[in-house]
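Here chain A shows up in two complexes: once beside chain B, once beside chain C.
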Partner chain A sequence: MIATKLGISKSDSKLTMAFIYVAFISLFIGGLMGLLQTLVRSGSLSLPWGITYYQVLTVHGVILGLVLTTFFIIGFQYALMAKTVGISKKQRLYAWLSFIVMLIGTVMAAVMVLLGKASVLYTFYAPLQAHPIFYFGLALVIIGSWIACFVNFRQLYVWKKTHKDEKSPLLAFMVVINMVLWFIATLGVAAAVIVQFIPWSLGYAETINVLVSRTLFWYFGHPLVYFWLLPAYMAWYAIIPKIIGGKIFSDSLARLSFVLFLLFSIPVGFHHQLTEPGIDPTWKFIQVVLTFMVIIPSLMTAFSMFAMFEITGRRKGFRGLFGWFKHLPWKDVRFFAPMVGMLAFIPAGTGGIINASHQLNNVIHNTMWVTGHFHLTVATTVLLTFFGISYWLIPHLTGRKLTKKINNLGLIQTVIWAVGMTIMSGSMHISGLLGAPRRSAFSEYGGTAQASDWIGYQIAQAVGGTILFIGILLMVYIFLQLTFFAPKGQEEFPIAEEEVNAQPTPLFLENWKLWIGITIGLILFAYTIPFIDIILHAPTGSEPFAWPIGNS
Partner chain B sequence: MKLHRAEEIWLIIGIGIIALSMVITGYQAFAQGMAPPSGMETIDPQKVDQTTPFDNPGIFEIGENEYEVVMILQAFSFTPNEIEVPVGSTVHFTMTSRDVVHGFQVAGTNINAMVTPGHIQKISQTFDKPGEYLVLCNEYCGVGHQMMSTTITVK
Partner chain C sequence: MENAEKQKSEERVETPNLKGTLLSVLLLGVFIIVSWFGVFALFLSR
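Showing the complex of A and B:
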């Protein structure tokens, strides 16, 4: 057998760049939609040509929440795998197949949304009914991502066969955890789309079980957010130490936290359905407890990061209680952007704990608070880390350099993002606490006093949204520079190493059968009884409703 | 695998706080009856108007300062609407949807419940402060979603 060469070849660059092109085009379109939304909601703009607020909202949610994230992550992960365990010609062919299938699916869904035939937002909302092509498109996106899963599994498997007694490279281990998580989670949404939505939208099934569709969606909907977060954690654990001139804090701890994310991010979907009828309250609470378990690996990550910062700083000779913090490389955008994302995760994570807190959820469920929350998590923590990755990954792939000028533009971009998001997300949180609903077009609600209190905050959201859109324009400019115009050269692919005297990583951390077994066990524990209950006590199904979304 | 001593302390404190908050949350939910709304009864969503009690939606006095509101939600309105109750009354809402998924939220209170077709949702609230409360649908239900609102007046 010919050993695959490690590192990024020209063909690998093309592959990852294809995914990154889609991600940045999505960033631009989705960001523009976001800007329009905040302007509509401030009461200062009405959309022309019969475009509805909900159409714009659907584009924004789907293209940023599903397309940008999934394409960037899968492309980034292909690069990590090529770099750490290698990719064969045949695997690369399948990788391209995954890209093409996902792209076709995305285009199908996008066309239906743009034609106004699928304004069902990103959680589908049965019995609202979209055009069948929308559901077929989504199914293809999922199937395409499964091909990527199996390519990544195969890559690590082949590497293992030739490196029998070695532990797998940390980043490859993390990629495979994330793809196992994704595969198990998407089985739920695929079941909903293929078994429920497609036959029902084609008219083969007269009715749909609404609660089953929602439960299957949220079985997927929560691990989805960890699928976004884990690639950011990969960069934090295994790339940032190299950028700041340090070492990995603990290889075992990093692997353990990823294993805990796999175990506890799936059996928790009910915490999105806390105020829903038809689900036994005891099982809701059990899943709330499981949700809180997933805080633990994030606590571990927070500790590791700051411990690594401190150790690195002190080794460089910076003294005093906070000398190590002051002397972090704040002027290196490859560090600064993800670091601002990391800091945003402190309020973001706290908000998440509030949302999942069972009865406390009643205060904020479906209010703007929640929108404010995930604009901190995914749109700040995750996205700024993805930008932080782009600053070195794109020039590495295109054979260019991250120049001082682009670096400084990146620093400005990060500051713009932090300022815009503080204003927008802050006012979203406050108006949510005052009761303003999410996913709603501008409304004065009959001129009541309560609703008029919200309008000032909605104007603040438009101000924040405008600043953020300037940030997006700048980021797209940086992307174009790094892709087409920056001077030729070699940019480093930073991968951190362990300490020379690091403790050996215990072998059980790589016992895939054990971890996947426990994951499935926990899912069966959390879902079997309530799901059987939902099916046994199912009401008569719902007939389709196409007119409320203008699809008729 | 050995954890750093400081990390052990950090995790013990963190996990301790999580455990304590779970105990408090569980106690409030189940011993003090604060669990989120989880109506378990079902109904045929195509026959809402013919099924009791929804064949006669409205406000009913069921005891001293105690009312039941039987309510149907549909795109894009509430039946009954413009509800009035005296100060200090406890109101039990019994709700279902005639069409798609809706949300029932009363701004300024903790009333927040999903109302889905096929299920009967229940939630109760005591209104101690007089005023006009905005009732709105907080779950996307179609192009007119933002128009779906009414009021509860507490006198």
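Showing the complex of A and C:
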């Protein structure tokens, strides 16, 4: 049997830190691009040296939405797995391979985007066409992440072999759910990139089936949102209770909610394509119903968080209806940052329900509302939780301490983020409801009367964006402090425990064959007939559009 | 018999007080419903 030692060794620290370096470099570059975008759209800046708005927009979306998130998540998950189920030398070697493959892919795609050869936005919608190297880069990022999937699967498998009849550690279970979700979801986008985009961009195929490519993208694109969210939920369910001096509210509830996310986050991509012609409305309706099923684990999580806070507070002796809320450790940034993220998820999740409702989607489709929505979900809920994790994870890995000074800077950073995002995302939501389109470089739209209603909100977005960029600079400073300059010491890796008298977790929650089987069944149910229909009744494929944006 | 009753009452004492949680999730539900109908009204009015 391969001996694996639990805990984070120096080699494990190096591995996770490698991923985190990429994540924070991405944060800085991507954030700067975001600032430039808001300044261009508010009419206060023209980009120099022939740089185009769409080039900047693509860098922003790809580097923050795909690179920062994926690298942080995979690095964080390696740390969680090493801590809870251990990692062998061989597994660590493969983990490094995953990092290198992902990094090479990222550099290939990033160079093409920066050269203006892949201004196709992060959704790389056909018929916009990028340079083939961009697609090869994307394919490598996906392949690298698959290596990470199989390392994590193997880690739990090896642990299970030596711990028969024991339930797996909660965090390890959650990591594996997230990686199963990622693997199944990325099959779609990998198919689109390898079968459609690469031959088309190389000139082997003259045209591309646009609807198939978009359908495959959103088959991946929605679970992508949950791939971002689930690591945040891992921290909420299993790490925050320890930080606030409490216990896990319910191990079974946490596992069940993760299982439900696996089942219902994939067969739902059509709710991103509600205005897309060529998809049978019945199947759009079915996928909307499945989308609404995701509300169940989301509300289970909300209930579980409130309950965990209340039980902990009351145990500490805080009375009254909301005494527990008032006395949460608001001055501990490891709690404060993720908590603000959780609170942001209330309007963010609500916005999601609105987006997925067909009639309401018609009001907000392709407007700034959508941009405001995902800046609340991924750029606030997820990102603030990732920052919250960084405050203890980075010093734990670098053998340093989270000092009081850095803690206070973190509190300020979180407030700056909350204020900047409220202004930016709030104005995006409102201008979206007023009809302002997203993804356009223009701010005045030829001087039409309607556009004059939007310009005030675009200026507000620039104000919010500037505040957010100050927040990014502060966060990068904190990252450098925690990595290189904070005093040497030991920082806790907080993992919460269950209540002593907790009910045993039902074994069926770890029946992987059952859950993966149902997941595949639901995907086949939701996609087979409409997908055949899309292929059989496809219009003529499209030739590439490389200009005015794309590859020019 | 007495022991069983005592155990039962202890179990009752152990049941956590989740009134704040109940009110919080109800408020959350109201927020979702009001927002949803707000945008739906916008849809109907256009």
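Details
Everything below uses one rule, namely that the second predicted complex is superposed on the first by the 548 of 552 C-alpha atoms of A that agree within 3 Å, B and C clash if a C-alpha of one lies under 4 Å from a C-alpha of the other, contacts with A are read in each partner's own complex, and residues count from 1 in each chain.
Simple rule for what comes next: a contact is a pair of C-beta atoms (placed from the backbone, for glycine too) under 8 Å apart; a residue touches a chain by one contact, two chains touch by 3 or more.
A quick note: this is a predicted structure, and the numbers were derived from the prediction, not measured.
Contact comparison for chain A: of chain B and chain C, B touches the greater number of residues. By the touch criterion defined above, A:Ile311 lies against chain C but remains apart from chain B after alignment on the C-alpha atoms of chain A.
Contact with chain B, but none with chain C, is seen for A:Leu128 once the two complexes are overlaid on the shared chain. Contacts of A:Thr350 after superposition: chain C is touched, whereas chain B is not reached. Once the two complexes are laid over each other on the shared chain, residue contacts for A:Phe325 go to chain C alone; chain B is not touched.
Look at A:Asn407: by the touch rule set out above, it reaches neither chain B nor chain C. Of the two partner chains placed around the shared chain by superposition, chain C is the only one that A:Leu433 touches, whereas chain B remains out of contact.
Of the two partner chains, neither chain B nor chain C is touched by A:Ser88.
Of the two partner chains placed by superposition, chain B and chain C are both touched by A:Phe303. Within chain A, the residues touched by chain B in the first complex and by chain C in the second are 299, 303, 307, 357, 359-360, 362-363.
Across the complex, chain C is touched by residues 299, 302-303, 306-307, 310-311, 314, 321-322, 324-325, 346-347, 349-351, 353-354, 357, 359-360, 362-364, 433, 501 of chain A. Chain C meets chain A in the complex at residues 14, 16-21, 23-25, 28, 31-32, 35-36, 39-40, 42-43, 46. Contact residues of chain A toward chain B in the complex are 52-54, 119, 121, 125-128, 209-211, 214, 250, 252-253, 256, 273-281, 284-285, 288-289, 292-293, 295-296, 299-300, 303-304, 307, 357-363, 365-367, 434-435, 437-443, 445-446, 448-451, 503, 505-506, 509, 537-543, 545, 547-550.
For chain B in complex with chain A, the touching residues are 1-4, 6-7, 10-11, 14-15, 18, 21-22, 25-26, 28-30, 34-40, 42-46, 75-76, 99-101, 103, 105, 107-108, 110-121, 132-134, 136-147, 149, 151.
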